[in-house]
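In what follows, structures are represented as structure tokens.
In the two complexes below, chain A is the common chain; its partner is chain B in one and chain C in the other.
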Partner chain A sequence: MRYAILLMGAPYSDQASHSALRFARSVLARGHCLEAVFFYHDGVYNAARLAAPPQDEPHLTDGWVALCEQHDVALQVCIAAALRRGLMDEREAARHGKNGHSVEAPFELTGVGQLVDLSQRCDRLVTFGP
Partner chain B sequence: MHHDHDTPAGDLLVILRHAPHGSGWLREGLDVALVAAAFGGDVSLLFMGEGVTALVEDQAAGALDQKGTAPTLRMLEMYDIDTLWVEAEALARFGLSADELMLAPRVLQAEDSAELIRRHARVLTF
Partner chain C sequence: MNLHIVNRSPASYRVHEQALAAMGPEDRLLLIEDGVQGALPALVRHFEAIPGRLFAQREDLESRGLLGRCDGEVQVVDVEGFVQLTEQAEQTLSWY
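Let's turn to the complex of A and B:
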């Protein structure tokens, strides 16, 4: 089955991101396809390049990157939700005249249209939120 | 639903459960509804719980200097989003009646909400 995940919870603030990552791993372990994770609302903070949790806690951002590297899961971040919250890649940082960037590949800034597209193309779109 | 002939099965149901000014949930939920409609989807909205207060008339932008959601709600018709539901229970809880709300929403009885959700291929909750 083709799955996609919509994640709207901030990392470490509540359970949503941890549960979404565990669900993602389980879906893949069962042999399903996980097409993409769409980060929206406070979920965009999962894409923060500078996240530095204590070493004895799961590193959520690295966890998502590993999924992308090992299973080709697209990591799509809503650009409108991200920019509002200070999350931007190099290109957007340059466009907005900011020093430094807070999002990098494999996370990609994209529009809500991608979420709509995922919900149409995948068999299941599963939402995780606070 | 008791009147299936005038409420055809929809494609996407967006459920809005948050009031307009206290958080970004309503705004970000409405954004998804508008984009889905712009993509040609048949989109319905269900205002649940404190989400019904989004439809109270004459809302100002608010003290927090946010834009408010009333202007976005007024754009729904332009995007052909004209099926709006409000929970009867939520109306009672906030002392509102459907005829004092903007955009003439239809009232949904609690026992019909499961059926409304079932009739939509996709459901997103904000």
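Let's turn to the complex of A and C:
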């Protein structure tokens, strides 16, 4: 089956990101295709490239990146939710005249239309809220 | 059959009432995160309308020291069981 995950909880604020990552790994372990994780609302903070949690805690951002590298899972970040929270890639930083950027590949800034597309294209869309 | 996912404790929130109101006769309800408190004997009465269709996530029970303290009505599933429930459901609805 083709799965997609919608994640709306901020990392380290509530359990949503941990639950979503655990679910994602299990989806893949059962042989399904995980097309994408869509980060929306405070979930966009999962894409912060400067995240530096203590070494004895799970590194959520790295966890998502590993899913992308090992299983080709697209990591789609809602651009509207990201920009207003100070999360932007190099291109958006240049466009807004900011020094430095806070999002990098494999996370990609996309529109909410991508979420609609995922919901139509995938067999299952599972939401993890705050 | 749809799968409803609730992550809030019925002791603190009333979101489970919305989930129950939206459930069809075959739908199932999975308690995750703080929602697993609803599997305790003291709180399971909130879900008496859906006998045999109430599930709770093992990992979240375990991390809260609640594994083995669930009411007998509740079916405990691990994360793989969670995925299996989503496979069997036509769609999932998350309540939070």
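Methods note: the second predicted complex is superposed on the first by the 130 of 130 C-alpha atoms of A that agree within 3 Å, B and C clash if a C-alpha of one lies under 4 Å from a C-alpha of the other, contacts with A are read in each partner's own complex, and residues count from 1 in each chain.
Everything that follows uses one rule, which is that contacts are C-beta pairs under 8 Å (C-beta built on N, C-alpha and C of every residue); 3 or more make two chains touch, one makes a residue touch a chain.
Since the model is a prediction, treat every value here as computed from it, not as a measurement.
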Contacts of A:G111 with chain B and chain C, given as first, second, both or neither: first
Chain B versus chain C as contact partner of A:A80, first or second or both or neither: first
Which superposed partner A:P53 touches (first chain B, second chain C, both, neither): neither
Contacts of A:T127 with chain B and chain C, given as first, second, both or neither: both
Common interface residues of chain A - those touching chain B in one complex and chain C in the other: 125, 127, 129
Partner chain C, residues of chain A touching it in the complex: 1, 3, 14-16, 19, 22-23, 25-27, 29-30, 32, 124-130
Residue ranges of chain C touching chain A (in the complex, touch as defined): 5, 7, 32-34, 59-60, 79-80, 82-84, 86-87, 91-96
Partner chain B, residues of chain A touching it in the complex: 6, 8, 40-41, 80-81, 84, 111-113, 115-117, 119-120, 125, 127, 129
Interface residues, chain B side, partner chain A - complex: 12, 24-25, 28, 31-32, 35-36, 38-39, 41, 122, 124-126
